[in-house]
Structures are given as C-alpha cells and as structure tokens.
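See the structures that follow.
First subunit A sits with subunit B, and in the next complex the same chain sits with subunit C.
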Partner chain A sequence: MKHSYYEASARERVDALLDPLSFREILPPTARVVSPHLTALDLPTAFDDGVVIGSGALEGRAVLIAAQEGGFMGGAVGEVHGAKIVGLLERASREHPVAVLLLLESGGVRLHEANAGLIAVSEVMRAILRARAAGVPVLAAIGGQYGCFGGMAIAARCSNAIVMSEEGRMGLSGPEVIETANGVEEFDSRDRALVWRTVGGKHRYLIGDCDRLVDDEIAQFRAAFIALMREAEAFTLEALEREHAMLTRRIELFGGHADALDIWRALGWEEPGEVSVLDTREFALRAMGRRAARAGMAG
Partner chain B sequence: MRSWRSVADALFPEGHRIEEKGDLLCGDGRAGGKVFAVIGTTNHAEVGVELALAMAAGVLDTVRTHPGRPLLFLIDTKGQRLRHRDELLGINSFMAHLGKCVEIARQRGHRILGLIYDQALSGGFIPNAMMADLCAALPEAEIRVMGLPAMARIMRIPEERLRALSETSPVFAPGASNYLRMGAIDALWSDDLAARLLESLDRADTTDRRSASGFDRGGRMLAQQVANRVTVDE
Partner chain C sequence: MEQLHYRFTGGHPVSKGRARLVGVVGSGNLEVLIEPSPLDGACIVDVSTAAKGFGAIWQAVMSDFFARHPLADVRISIHDNGATPAIVVLRLDQAVAEFSAPSMHLPAGDEA
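Right after this comes the complex of A and B.
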C-alpha cells in the first residue's frame, strides 16, 4: 500500500524508511529535552524539540538518521533542535555508519530563538562536512509539507546527494519573504504554479540541485537512499572545482531567463508545459538529456 | 561605521592590495611578516548568486595558487539577495558551494578568520564568516537574523514584549555582543587590529568551539551539552 511521505509525521517516516523495528531513538521524548527559549515566551514546547534522531538499519547496514517534524513550528531550527543534529553528525564521524540520513523539513531558523538558530545552522553545516571528510556519506530527503528553506536549504546542499519528490520544495528565502521585501511583482507567493515551478522538486531536478526525483512514497525514498549510498563521492577540491564550473555555467546558460519555463525550454523541452503534467517515471525518462549536468554528487 | 579601507589599513600595517569590484573585496594584505588572502563584501552587499560564486572563486584560487595562506573574510552584508531570479537559479546551492570551499580550504591547512566590520545578516554571512575557524567583529558591528519589528510581525508577538525579552536574553536581540556571548563571535576587536589578527591566527584551528564558548560565556547553555549527550549516548 502507498505510504505518503508528504502526509507522514517525522516518526512515521523514520519507521517506514528504515528496516522494520531497527530504529532506536536518541534523546527520545521521555528525555524531555525541550527549548528553554520557547518556555521563556510562554509558548508550547515539544519533548523532542521538533526533530527525531537515532540509529537504525538500511538493508541490514547501520545508519544514523535525523527527521525534522514540520508539525512543530514548521521544523524550524532552534538551539536544542540544531544541537541534536550536530551531535548525531559528530557521532557519525566517530562511529562510521554507512550513511547519515537527513529527512529535512524546515522553514529555517526559528525566529523565537533567532541568534541561537542561526549559529546552530552553521554548526550543522560544519558537522555535515566533517562527517563527509571522515568518509561518512550524508544523504538528504525533501518531500514534506513545509519544504526545506532558509539555512537548512544551505545545509541540504552540503550533503552528498538530495532525494526529492515532486511535492518537495527547496529554496533559501521563501516566496512570502521575497514578496514582503520586494513586492508582489517580484514574487507572487499566492501564485501556486509559479511557486511550484521555481522551488519545486522537478525544477530542482532539472537544474541539477537534486539527484533523484521520486514519487511521494516513503518506500521510494528508501530505495533512492540505498542506491545513493553506493555511489557517494568523496569531499575533495577536485569535486568542488567541478561544482564551481557547473554553477558558473548555470548562470551563463540560465541567468537571463525570467521563468522556469524558459529554462526548461533551453534544456530541450520543446513543450515545457508538459513538465508539470508528466508522472515521475515518465518525467525522469523524458528528462534524460534534458537536464543540466548532475551536481549533487560533485560536491 | 568604518570603511573597509580604514579597517584594512589598520589590519595590515605592512600594506595591502585589495580590489573593490562592485560589492566584492578581493586581494591580499600583510601583517607581522605574514601574507593573508582577503575576500569580502562591502556597501552592505546583498549576496546573490554571482557574489557568492565570486567569493567561492576567491577561496578556490587561494587554495590552488597559495597553499596554506591564511584567509580573512571582511564582511559587510545586509543578507542574501531576496529576488525571484536568485531562487530560480538555486541560490542555496551557491551559498552551500561557498561554505564547502571554505571547509576544503580549512581541511587543506588554511587557517580561516572572519571579521564583521559593519553589518551581517543571516544568509549573507552564514557561508563565509560563520564558516571561519574564528570570527571576530568590530564592537559597533550590527549582527542579526532580522530586525525586531519584522520578527514581531512574523512571530505575532508584540514588539515591546520582544524588546523587553531581548534585554535579558541574547537569543533574540541583534548586536555583536550577543553573538559574542553565544560563542559565534570569538572576540570584539576595538583597537590594534593588526595585533588582534595575528593573535587570532595563532589560536585558530580546525575545531568548531562555538558551542563550548557559548556555554563558558553563559549565552548558550544547552547546545554543547545536548550535542555531547547525543554523541556519547549508549
């Protein structure tokens, strides 16, 4: 039976993605590690501060996993939330699991503890890159309701590879933030089609910011992770130089286009409108040869 | 607020060759008989895809051309550029790329320092100064995620309430001294910038000590403790 990734909670995603009954949570809700900053504002806290972390198995091999819970403050990163992810990544550098899996769903920094959240995001970035330098692949999944925005979208692209669903969204500044700053003519956040084709999974796949596009099914995210674990590339200067060339070329080729439809046309989609209509399987087939050079593995 | 030139003159008494190209600063400077690669931003730069990529190019060029040369980020930014075009092009990937370039420089033996000499906002300094081994600020520097009025609007909490809370808690309030208490800013440099630069270079290493400093200084009491519990949990 189909088990929607989009609809599932963080815990449901973890349980369905790992081998059955293999998940063991670290600092579970019974440990009651909550945000002191939310308490100071008389706001509700969560006993896991909105992120589930622990160890488990994927096809019998040891992995560490973190899953952000969009249902609690949109998965936003505060001091405790961020520290749990940092600790998990430090543990990975020590224990060398076959991979760290990050199920990301976050609006970015939690404004209620803004400074702590911002620092935490940069600590997460450094911890991801340390784990990778220690030889542990870090793989990210994006497919939840709140997407992956702000600093967590930067952290996502510090991983080896990203798996997204069509429903997944990834961007630095959310459409509402851009509209508030520069007007509705700049970015109409209520234009759902515009939002989707700018930050949605298919566009991210076509320009090379995500490595696998899957249906909104937890089993498909799992299968993509299993495949990506085997091909993870080392964190090297040479890989970063390739990424640099790819990003330079991206601006040259697409920097003059005002809309995703123009970029897709430039990539060889004669009828770019069909991108939104095709199902994932058909889309992935048609995207062969109509997609910018794959980037995620090159950094 | 001081201009980048006056800051660079004070940092590098033995001279500097720093070019200003639009909002980008790029070049080198000399202090204590050492040469520093300098990469930075000015004019309260909005960091868009081009500027992030140009900073990354500066880092990669330093790694290739001058292995081991210490690198200083001189930062003045009002944050990431808030434009549809940047999002369309995947600005988060450009920011991450810059952060990764800084990390590879660190791993290949470059010491990385940051100095916030004017403004620093969220996405504008996360992938550069916040990736440094040690980041300092001038005492008058303004560091924040966003202003209290905007925060109050988004959080639906009265601004007066936030202002009152920011008196006692460094977690909300803008300002270099709060980032100092929380461990993200190593020190405030008020005088003799060249001496502070050289002293920091001596202490800089590859370990991220920000959560430990945040604890020691009483500004961020849980980050280190929680991370440690996760790392050693049986």
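Right after this comes the complex of A and C.
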C-alpha cells in the first residue's frame, strides 16, 4: 500500500525510509531535552523539540538521519532542535557514514527563540558544509505539509542533493511572509496554483534546485536516496565554482521573468500549463532537456 | 501552562513494555510519552497543558483511562496543546497499544 510521505509524521518517515528495525535514536524523547526558551515563555514544549535524530541503515549501509516534525511549531528551529542536527552532522564528520539524510520540514527559525534560533540555523548550515568537506554526502528530502522555508531552505541548498515531491515546497520567504511584507498584489498566498508553481517541487526541479522529483511515497524517497548516495560528487572548490556559475547563469536567464510560467516557456515548454497537470513520471521524461540541471550532481 | 499529576494503584505490570512517543504537540493535539518505570506498582501521569482550568475534566479522563488500562510501573508524560478529551483518549489508547506491542525498535539510547 502507498505510504504517503506528506501525511506521515517525522518518526513514521524515519521508520519507513530506513531498513526495518535499523534506527537507533540519539537523545530520544525519554531524555526530555526540551526547549528552555519555550519553557521560560510558558509555551508547550515537545520531548524531542520537534526533531528526531539517530543512526540507521540504508540497504545495509550506515547512515545518520534527522527528521523535522512539521506538526510541532511548523518544524521551526530552536536552540535545542538546531543543536541536535548540528551534533548529528559533527558526528558524521568524525564517523564517516555513507551519507547524512535530512528529512526537512520547517518554516525556518523559531522566532520565539530569537537570536538562539538564528544562530542554531546558521550552525546547521556550517555543519552541513563541514560534513561535506569531510567527504560525507548530505542528502535532503522535502515533501511535507509545511514545506521548507527560511534558513532551512538555505540549509537544504547547502546539501549535495535535494529530493522533492510535487507536493513539497521550498523557498526563502514563505508565501504568507511575502504577502504580509509586500502586499497581496505582489503575491497572493491563497492562490494555490501560484504558490505551487513558484515554490513547488516541479518548479524547483525545472530550475535546478531539486535533483530528483518523486511521487508522494516514502519508498520513492528511499529509492532516490539510495541512487543519490552513489552519485554524490566530491565537495571541491571546482564543484562550488560550477554551482555558483550555474546560479549566475540562472539569474541572467530568468531574473527578468515575473512568473514561473515564463521561466518554463524559456526552458522550452511550449505549453507551460502542462507542467502542472503531468504525473511525475511523464513530467520527468518530458523535462529531459527542458530543465536547468544542478551543477553539483551527475545526471 | 498548568501542571497536573495523577497516581493510580492496583494495576498490573506489562511485561516487556517499551518507551514510546505518540502524537505531536500541534494546535489541538498532544504528545504522550509512555515508559516503564519502577514505581512500586503505581501508574503515574504527569500532564503539562496549555489549557488552564480543566483539572476536573483531566481527572475524569484519566480515571476512565486507568479503569480501561490498569497499568502498573508505568510513567505517562503528556504535553498538551489544547486537545479535546476525545483526542486525549485516542492518544492514550494509541500509546498503550504501542507500549504493549512486540518491539518495532532496538532499545532507544545514545551510544555516544
């Protein structure tokens, strides 16, 4: 039976994505490492501060994994939450697992925790790059209800590769934030078609932010991770420069377009409206030669 | 937040019960952490809830729960964010079902 990634909790995703019975949690809920900031503000806390971390296996090979729980404060990163992810990545730099898997679902910084939250997210980014520099591929998945926004979207783009479903969304400022700051004329956060063609998985795949687009099934995320573990490129200055060149080219090509539909047309989609209605397999087939491939990955 | 504490006695221990967490602290939801604990045969429930002033309803829900699941040497910890009694009952039943089920996991723990 299909096991929806979108619908699953962080714990369900971890259990279903790794080899059966292989997951060993670090700082489990029984450790009760909760947010001191939320406690001080007299707000509800979570026993895992909204993130599950630990070790496990993917096709028998050792991986480390973190999964953010969107249901708790939108997956927002507080001090403890961030420190758990950073600690996991630092362990990866020491122990060299085959990969670190980040199941991201987050609105970004937990604003209640102010500077501690901001610092936590920046430390996550640095730890991702440090793990990659130590030769450990960091792979991200985005396919949850709350998407991946703010600092955690930057963190996602610091990884080797990103797997998304069409339902997944990634962006710096979320739709509601853009509307609040710049007005509904600039961006109508209730226009679902507009939201999805701006931050959704298919658009991210076409402009090269996302490396694999999969159906909303945990088994497909697992299969994509297994394939990506083999392809991950070494983190070198040359690779970084190629990535920056790709981003520069992207701004030159698409920076003047006001709508994703215009970008898709520029990529060669003569009828860009069909992007939204194609199923994943058909879409990926037709996207060959009509997407901006990410520089840091083969294929 | 309001802290509520309940203690029940006269239950039966569950052999091989394992620590489990069910639910998420979302709006109108709660998480329930259930774990074996040497409590001289008691079952202890600690509730931390965002909805203040509902102690009498919690008392009723927890008494009903213990009548249906008379557990011993079990500690239940709840983080509640305004869940209705029906949701609380559902989560408690889910927690007991997972606590008593054959192991799906290796023992949790930081082996650092």
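Here is the rule we use: the second predicted complex is superposed on the first by the 295 of 299 C-alpha atoms of A that agree within 3 Å, B and C clash if a C-alpha of one lies under 4 Å from a C-alpha of the other, contacts with A are read in each partner's own complex, and residues count from 1 in each chain.
Throughout what follows, a residue touches a chain if its C-beta (ideal position, glycine included) is under 8 Å from a C-beta of that chain, and two chains touch if they have at least 3 such contacts.
These numbers come from a predicted model, not from an experiment.
Trainee: For A:D48 in the superposed arrangement: first (subunit B), second (subunit C), both or neither?
Mentor: A:D48 contacts subunit C only, not subunit B.
Trainee: Is A:C158 contacted by the first partner subunit B, the second partner subunit C, both or neither?
Mentor: first
Trainee: With the two structures laid over each other on chain A, which partner does A:T30 touch: subunit B (first), subunit C (second), both, or neither?
Mentor: In the superposed model, A:T30 contacts subunit C only, not subunit B.
Trainee: Contact-wise, after the overlay, does A:L21 reach subunit B, subunit C, both or neither (first, second, both, neither)?
Mentor: After superposing on A, A:L21 lies in contact with subunit C but is clear of subunit B.
Trainee: Is A:D211 in contact with subunit B, with subunit C, with both, or with neither (first, second, both, neither)?
Mentor: A:D211: touches no partner chain.
Trainee: Is A:E166 contacted by the first partner subunit B, the second partner subunit C, both or neither?
Mentor: Neither partner.
Trainee: In the superposed arrangement, does A:E105 touch subunit B (first), subunit C (second), both or neither?
Mentor: neither
Trainee: First (subunit B), second (subunit C), both or neither: which does A:R11 touch?
Mentor: second
Trainee: Check subunit A for residues that touch subunit B in one structure and subunit C in the other, and list them.
Mentor: Dual-contact residues (subunit A): 26-27, 91.
Trainee: For the complex, which residues does subunit B have touching subunit A?
Mentor: 49-50, 53, 56-57, 60, 63-64, 80, 82-97, 99-101, 103-104, 107-108, 122-123, 126-127, 130-131, 144-146, 151, 154-155, 157, 165, 169-173, 178-179, 182-184, 208, 210-211, 214, 220-231, 233
Trainee: Under the definition above, what is the set of subunit A residues touching subunit C in their complex?
Mentor: By the definition above, subunit A touches subunit C via 9, 11, 15, 21, 23-32, 42-48, 69, 71-72, 91.
Trainee: Over in the complex, which subunit A residues touch subunit B? Could you list them?
Mentor: 26-27, 33, 36-37, 40-41, 53, 79-80, 82-84, 86-88, 90-91, 94, 109, 111-123, 125-127, 129-130, 133, 150-151, 153-158, 170-173, 175, 177-178, 181-182, 186-187, 198-199, 203-204, 207, 209, 235-237, 240-241, 243-244, 247-248, 250-251, 254-255, 257-260, 263, 295, 299
Trainee: State the interface residues of subunit C toward subunit A in the complex, per the touch definition above.
Mentor: Residues in contact with subunit A: 1, 19, 21, 24-26, 29, 31, 33, 35, 48, 50, 77, 79-81, 104-106, 108-112.
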